[in-house]
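Chain nomenclature is as follows: A, B, C and D, assigned in order of appearance, with residue numbering initiated at 1 for each chain independently.
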Amino acid sequence: MRQPIVCATMSEAVADIPDDITLLVPGFGPGLPFNLLTALYDQGARGLTTVSNGVGGAPAADGRKGLGEFVEAGRVKKVIAAFTAPTHPSRGSIVVDMVRGGTLEAELVPQGTLAERVRAGGAGIPAFYTPASVGTLLAEGKEHREFDGETYVMERAIFADYAFIRAWRADTAGNLVYRMAARNFNPVFAMGARHVIVEVEQPIVPAGEIPPDQVHTPGIYVERLVQIPPDGYFSSGRMPAATTEPRGSR
Amino acid sequence: MRQPIVCATMSEAVADIPDDITLLVPGFGPGLPFNLLTALYDQGARGLTTVSNGVGGAPAADGRKGLGEFVEAGRVKKVIAAFTAPTHPSRGSIVVDMVRGGTLEAELVPQGTLAERVRAGGAGIPAFYTPASVGTLLAEGKEHREFDGETYVMERAIFADYAFIRAWRADTAGNLVYRMAARNFNPVFAMGARHVIVEVEQPIVPAGEIPPDQVHTPGIYVERLVQIPPDGYFSSGRMPAATTEPRGSR
Amino acid sequence: MTAAQRRLTRELIAATIARRLERGWIVNLGVGMPTLVSSYVHPKQDLTFTSENGVIGYAGLADESEMDQDIVNAGVQPVTLHPGASIVHHADSFALVRRGMNDVTVLGAYEVAIDGSFANWRTSTEPFDQLGGIGGAMDLAARCKQVWIAMDHTTRDGSPRLLEHCTLPVTAPRGVTLVVTDVAVVAVRDGRFVLEEHAPGFTPQQIQAMTGARLEISRDLSEIQI
Amino acid sequence: MTAAQRRLTRELIAATIARRLERGWIVNLGVGMPTLVSSYVHPKQDLTFTSENGVIGYAGLADESEMDQDIVNAGVQPVTLHPGASIVHHADSFALVRRGMNDVTVLGAYEVAIDGSFANWRTSTEPFDQLGGIGGAMDLAARCKQVWIAMDHTTRDGSPRLLEHCTLPVTAPRGVTLVVTDVAVVAVRDGRFVLEEHAPGFTPQQIQAMTGARLEISRDLSEIQI
């Protein structure tokens, strides 16, 4: 069987990533590939189009880099996300400032539509219809269509150049297992990109040690695997901007 | 948490199924819910529209009933399948005879499109585009559309009244685990029907015994669970017509 | 002599919502006040809580000793799991949302209108600039059988949030059936607001004065149980 | 004196295909002769076999002692698994097919034409009556990087199966790049058939006589290694 490349370091895993790529970044609290993001930050790639749930909050004290730091450094061309602004108007946001200033492009997408657009890209489905956003500003300009008396909007697939993935376990065949809610977008994003690079928490085990029935992402999707070093970033620690402030709270 | 009803017998599990339902029947070799099908055969429901990979072969010696027996008994109105006729022209088929005689309706669907149409139904997606069948007889009369220079056909979702599911393990919360290639259509079909009835091979375990990360079908999809009795049908035994005769063989 | 007025805390709003959840329901809880609800339900209610991130069957918020950073709700708050919980990925999570598996989603909002529309993703009426925080609200609102809103009855400066029409861009043009605020429980039915419960010490007239649309009074009007 | 003619058996056709699979490829094998291929490859080829039913990473056909009824290929024949195999459901299985993850699919067929079209689901030219056996062939043919066909060179009564145009309804209007038969290996390139290998004792002229379209002769024409 085909085997992914096991890289010795995060920087090796991201070394040849060019500028101007589209990059999928999973995570919803846990499940964020902070180690790969930090290595890419150090590598210097720019002109990124990113696909993620949110775009990060305040800088982390431990030095890890999230999408927020890429945006702030002017290395992102466009963010595609379910949260492009803090839900609470009083909180500042570099994304908001840069979009208003014309130095960053944004595309706001309902979270379920975002997951489904990448799933469609990973499934060879170029477009589909969804009821989400019908009757809202987000549906304006989109193609509408009725099926069985209900109105839907058409949404296009997203297929990216790269996905960074955060797994709990992996084997040498590249099979991945996620832990609990750290799964979130990871298995979907692992299907939706040409090049899939995975950071993994547990020591990589020999092929065959993960039972075939328990694999969440088959190894054929994985191009590179790298184990998080002992001094890497292990806990989610920082919440995405999306989820720190409750809506409609006092 | 909500719990499915655990039925004592197969006949109890299917007792109130009305006539004229749409029924999803998974299975591709293994994974066929023969016990529920046999109970439904005895129950007498008719006017069925069935969704499956194939429509069964010759009658089984052990008395189990497959879709072929329902068709033969005139209890099926329409079959939706990836194999509506044997691939080898010399072999007879009750489906072929009845469709030609006007007593049965058939809809031939590429296997991937079939799986995706039910997945769409289970995902609230009313329609999607696929490249499969473009340029063939099957695409005639279907809506075509270009995306990025490639041609696709639009396919509609299937959402059924009932699904019969064959699982390997289940807990009292209805969480299901399938074994190896017996998984096939099962998790997809379990999402694509209003009423999901499950036959399970292993003794049903208390909720909590199947780790959340290893569940293939969440219990919220399951309405009824029934354990296969010791004298039930355990092995796949009979291959579907679809897969018995190689194509283009001598 | 009037009874002392008592506004509901966030926790009491959550508890009030928890009491109204019906047996066996599948319930989605949004970020903020709604995520508190799972801590106030009774096991006999047989509720299944689902979260956008794919957690099915979680229980209340976790305390320090139970905390697992990989087990979180839609607000990324650590929660505990019921026996029989399961995890799916984000696309499967929204598959069940769009299929309409949720009997109700409880969300926060800035505004709710009598037609059941609500606004919770953008605080500006300027032309749309692709900025906002939608999360899963539009997917949820499109297909959950009911949308319940947990919010304060008025803005900080006293302007009503329950309105004839939303002034902010809507999250969905319909769907809200119940609003629980710090002073009232209001049903949204056939294009009308119906006051069903009031906070201690608040009269229907006082609540009407805090509301931006006509409030019918339910014949079963009662005080919110605290 | 001519060498004795020797037609390839099903097993030799499979072995001939196996030799041409390139290192590291992801390969789908269809029902019939194609499913024999996984028994004839070399471990050094690092091939990953995928099957419509969601099995990723299977090996050769299982013998009696290895047989597990729940581990089968597209022909529902018991196979063994490589360490590192995994299972997905049918929708995910075709997700990877439509995404174009397969470097090649090997299928059986009734007919192949010079434009790369092929027919393998219906043996009648009557108006379409919804009867036939497609399986996953249309999904596979639409997106696998190449389609290879394993079939007999002629029908039982000697009529050619390699044609200018398919006479039967096609499974896909293009995609075939290679045909391996009991007498020849024929590349399909730029609307032409190119004879690359011949079975022992068969001359290009004899194979041309069994073929329904012009056969170019590769300058590297060789005998099929048996």
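Throughout what follows, a contact is a pair of C-beta atoms (placed from the backbone, for glycine too) under 8 Å apart; a residue touches a chain by one contact, two chains touch by 3 or more.
Note that the coordinates shown come from a computational prediction; the quantities given were computed from them, not determined experimentally.
Trainee: If you take the chains that touch chain A and keep only those that also touch chain C, what is left?
Mentor: B
Trainee: Does B-D or B-C have more contacting C-beta pairs?
Mentor: Of the two interfaces, B-D and B-C, more C-beta pairs touch across B-D.
Trainee: Centre to centre, using CA atoms, which chain is the farthest one from chain B?
Mentor: Here the answer is chain C, farthest from chain B.
Trainee: So how far apart, in whole Å, are chain B and chain D when each is placed at the average of its C-alpha atoms?
Mentor: Those two chain centres are 28 Å apart.
Trainee: Compute the distance, rounded to whole Å, between the mean C-alpha positions of chain C and chain D.
Mentor: 57
Trainee: Report, in whole Å, the distance between the mean C-alpha point of chain A and the mean C-alpha point of chain D.
Mentor: Centre-to-centre distance between chain A and chain D: 38 Å.
Trainee: Which residues does chain B have that touch at least 2 chains other than itself?
Mentor: 116, 119, 123-125, 130-131, 179-180, 183, 212-213, 216
Trainee: Residues of chain D touching 2+ other chains?
Mentor: 87-88, 91, 94, 97-98, 143, in rising order.
Trainee: Can you identify all of the chain pairs that touch?
Mentor: All touching pairs, sorted by chain label, are A-B, A-C, A-D, B-C, B-D.
Trainee: For chain A, which residues count as touching chain C in their complex?
Mentor: Of all residues in chain A, those touching chain C are 28-31, 53, 82-87, 89, 95-96, 99-100, 105-113, 115-116, 118-119, 130-138, 140, 179-188, 216, 235-236, 239-240, 242-250.
Trainee: So in the complex, the part of chain C that touches chain A is made up of which residues?
Mentor: 10, 30-33, 35, 51-55, 68-72, 74-76, 87-91, 93-94, 97-98, 107-110, 120-124, 128-140, 142-143, 149-152, 156, 161, 169-174, 182
Trainee: Which of the residues in chain C end up touching chain B in this complex?
Mentor: 24-26, 46-48, 50, 56-57, 81-88, 91-92, 94-101, 143
Trainee: Where on chain B is chain A touching in the complex?
Mentor: By the definition above, chain B touches chain A via 116, 120, 123-131, 145, 147-148, 150, 152, 156, 177-180, 183, 212-214, 216.
Trainee: Which residues, counting only chain B, touch chain C once they are in their complex?
Mentor: For chain B paired with chain C, touching residues are 1-3, 119, 121-125, 159, 171-175, 191, 206-208, 210, 212-213, 215, 218-221.
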